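Just so it is clear, A, B, C and D label the chains in written order, and each chain counts residues from 1 on its own.
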Amino acid sequence: MIPDGATTITHPHRVGFHETDAMGIVHHSNHLKFCENARVIWLETHDKSYSEWMEMGLHFAVTRVELDYRWSTRFDDILDVTTWLEWVRGASLAMGYEIKCQDQLVMTGRTEHVSVNSEGRIRRIPKEDRDRMRKSALSAVKAW
Amino acid sequence: MIPDGATTITHPHRVGFHETDAMGIVHHSNHLKFCENARVIWLETHDKSYSEWMEMGLHFAVTRVELDYRWSTRFDDILDVTTWLEWVRGASLAMGYEIKCQDQLVMTGRTEHVSVNSEGRIRRIPKEDRDRMRKSALSAVKAW
Amino acid sequence: MIPDGATTITHPHRVGFHETDAMGIVHHSNHLKFCENARVIWLETHDKSYSEWMEMGLHFAVTRVELDYRWSTRFDDILDVTTWLEWVRGASLAMGYEIKCQDQLVMTGRTEHVSVNSEGRIRRIPKEDRDRMRKSALSAVKAW
Amino acid sequence: MIPDGATTITHPHRVGFHETDAMGIVHHSNHLKFCENARVIWLETHDKSYSEWMEMGLHFAVTRVELDYRWSTRFDDILDVTTWLEWVRGASLAMGYEIKCQDQLVMTGRTEHVSVNSEGRIRRIPKEDRDRMRKSALSAVKAW
């Protein structure tokens, strides 16, 4: 699932009781929060922090979400949330996700984002930022 | 519980599946959201809408929460959330709450708020607003 | 977007303050909750209530989510959440969604579900239920 | 605030974007989730895990919440959530909380709980469990 050579981070998440529902499993809306938390850590680890992006006046608003749930998880399970940058264009980008619980695949997914200013209007990602992100996204391949 | 003569609104809330937890009941953090929704409707019904307050540059940030849970509720239960203004002072106010499910008392509570500007700094509630709110809070008594 | 002849329900949702994020807009994870609430109402209106399904020992666990966000919405906006049954098979079904705010398209989406018992094991939807659902899904066409 | 000799745990929580609201701060309902997560870690560290309690058929349902918010926090702030057991009785217990962000006091609070079985009916906490908990709650004092 994870593309060859993708630069990833893997972020552990321990399931809170408040994330479960009456079926006894993690409610499916929470996975979007786990993905968001992981995205923040990818940016901070391999690019620059989301706070720095916001100080530049740029936000990455979500335009599309595609999630496949493969396994349900429960209170106190430890999830490993892996994310990577799929692509970055003039004013948009996409991130991929894979969530595992021990060796079990829990979810795969993708989110797409548009870069907007604080008023929500589309604004291009500066070229030097895009170039840097593209390099970060594939550093493993390049290293190889 | 509801003080004599208090001006109330009662707002129905149908419990969503996403509001339940693995005990099969509504997770206790959601009651704060039900109270918030009801507060918004009280303001709009008996004072002015929260959007208008925000346009004046005033927000009512929560400073204290006190909730007593008397009965647990489940998916698809219909809750009646009643709220009223307990008091308003120079830069703060308190709201009271009672939640019922049919005739069963589910929760009683109070939230306290400080009035702040968009930067989060304390700002007085204009005197004419306070006077109007106090009258609204007790209109039932006055009518009597 | 809405397929010709689909049997729909449209459910109003007023955006709560707790549903917004620091960009000032509705956080994208909430749309899944709006869809879920609408789904419950579709079942109750055009089929049988989710509580009745659960009493039969059947749950519709989410296996896939696909959402396109077209417009951001804010505190106190009134959303109209429309949903319909796209298809039903032996042990799965799909629902479609369209969210509008006044005349503005806010979101389109689809969720897919598998029918499971209380232990989360796949269980077929009884044939008579599937037949009834298929009829409900297209009643508008049939009526015409 | 933290009682002398109380046995505590301190659990870091990094604020997610999904936990903020349109005022740009952490929505007040989330603090109850932070407290819950910390409570789970206290039990696991100083008593036995909540999963083990649940296997015994016991849950600690929340009956009362009292929170004082002293400072607002923002996206990406690191919170230190400290919790301790205040008391344990025949079928109930209370936990205390203090949340800090660096040296700034963010919140203080208490939750009260009743021990119930899986059907939600009150069930006593076995005497040996209560005795053990009371010892754990004060181990620091005892050690001294």
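Just so we're on the same page, a contact is a pair of C-beta atoms (placed from the backbone, for glycine too) under 8 Å apart; a residue touches a chain by one contact, two chains touch by 3 or more.
Quantities reported herein were computed from a predicted structural model and do not represent experimental measurements.
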item	value
Partner chains shared by chain A and chain D (touch criterion as defined above)	B, C
Which listed pair, A-C, B-C or C-D, duplicates the contacts of A-D in over half of its pairs	B-C
Most distant chain from chain D, judged by the mean position of its C-alpha atoms	C
Centroid distance [mean C-alpha coordinates] between chain D and chain B, Å	25
CA centroid of chain A to CA centroid of chain B, Å	36
Chain A, residues touching no fewer than two other chains	17-18, 25, 29, 32-33, 36, 75
Topology of the chain contact graph, where touching chains are joined (line, ring, star, complete, other)	complete
Parts of chain C lying in touch with chain D, wherever the complex brings them together	17-18, 20-22, 24-25, 27, 29, 74-75
Chain B to chain C touching residues, read off their complex	14, 16-18, 32-33, 36-37, 40, 49-51, 75-76
Chain D residues within the chain B interface of the complex	23, 25, 28-30, 32-33, 36, 59, 61-69, 72, 118, 120
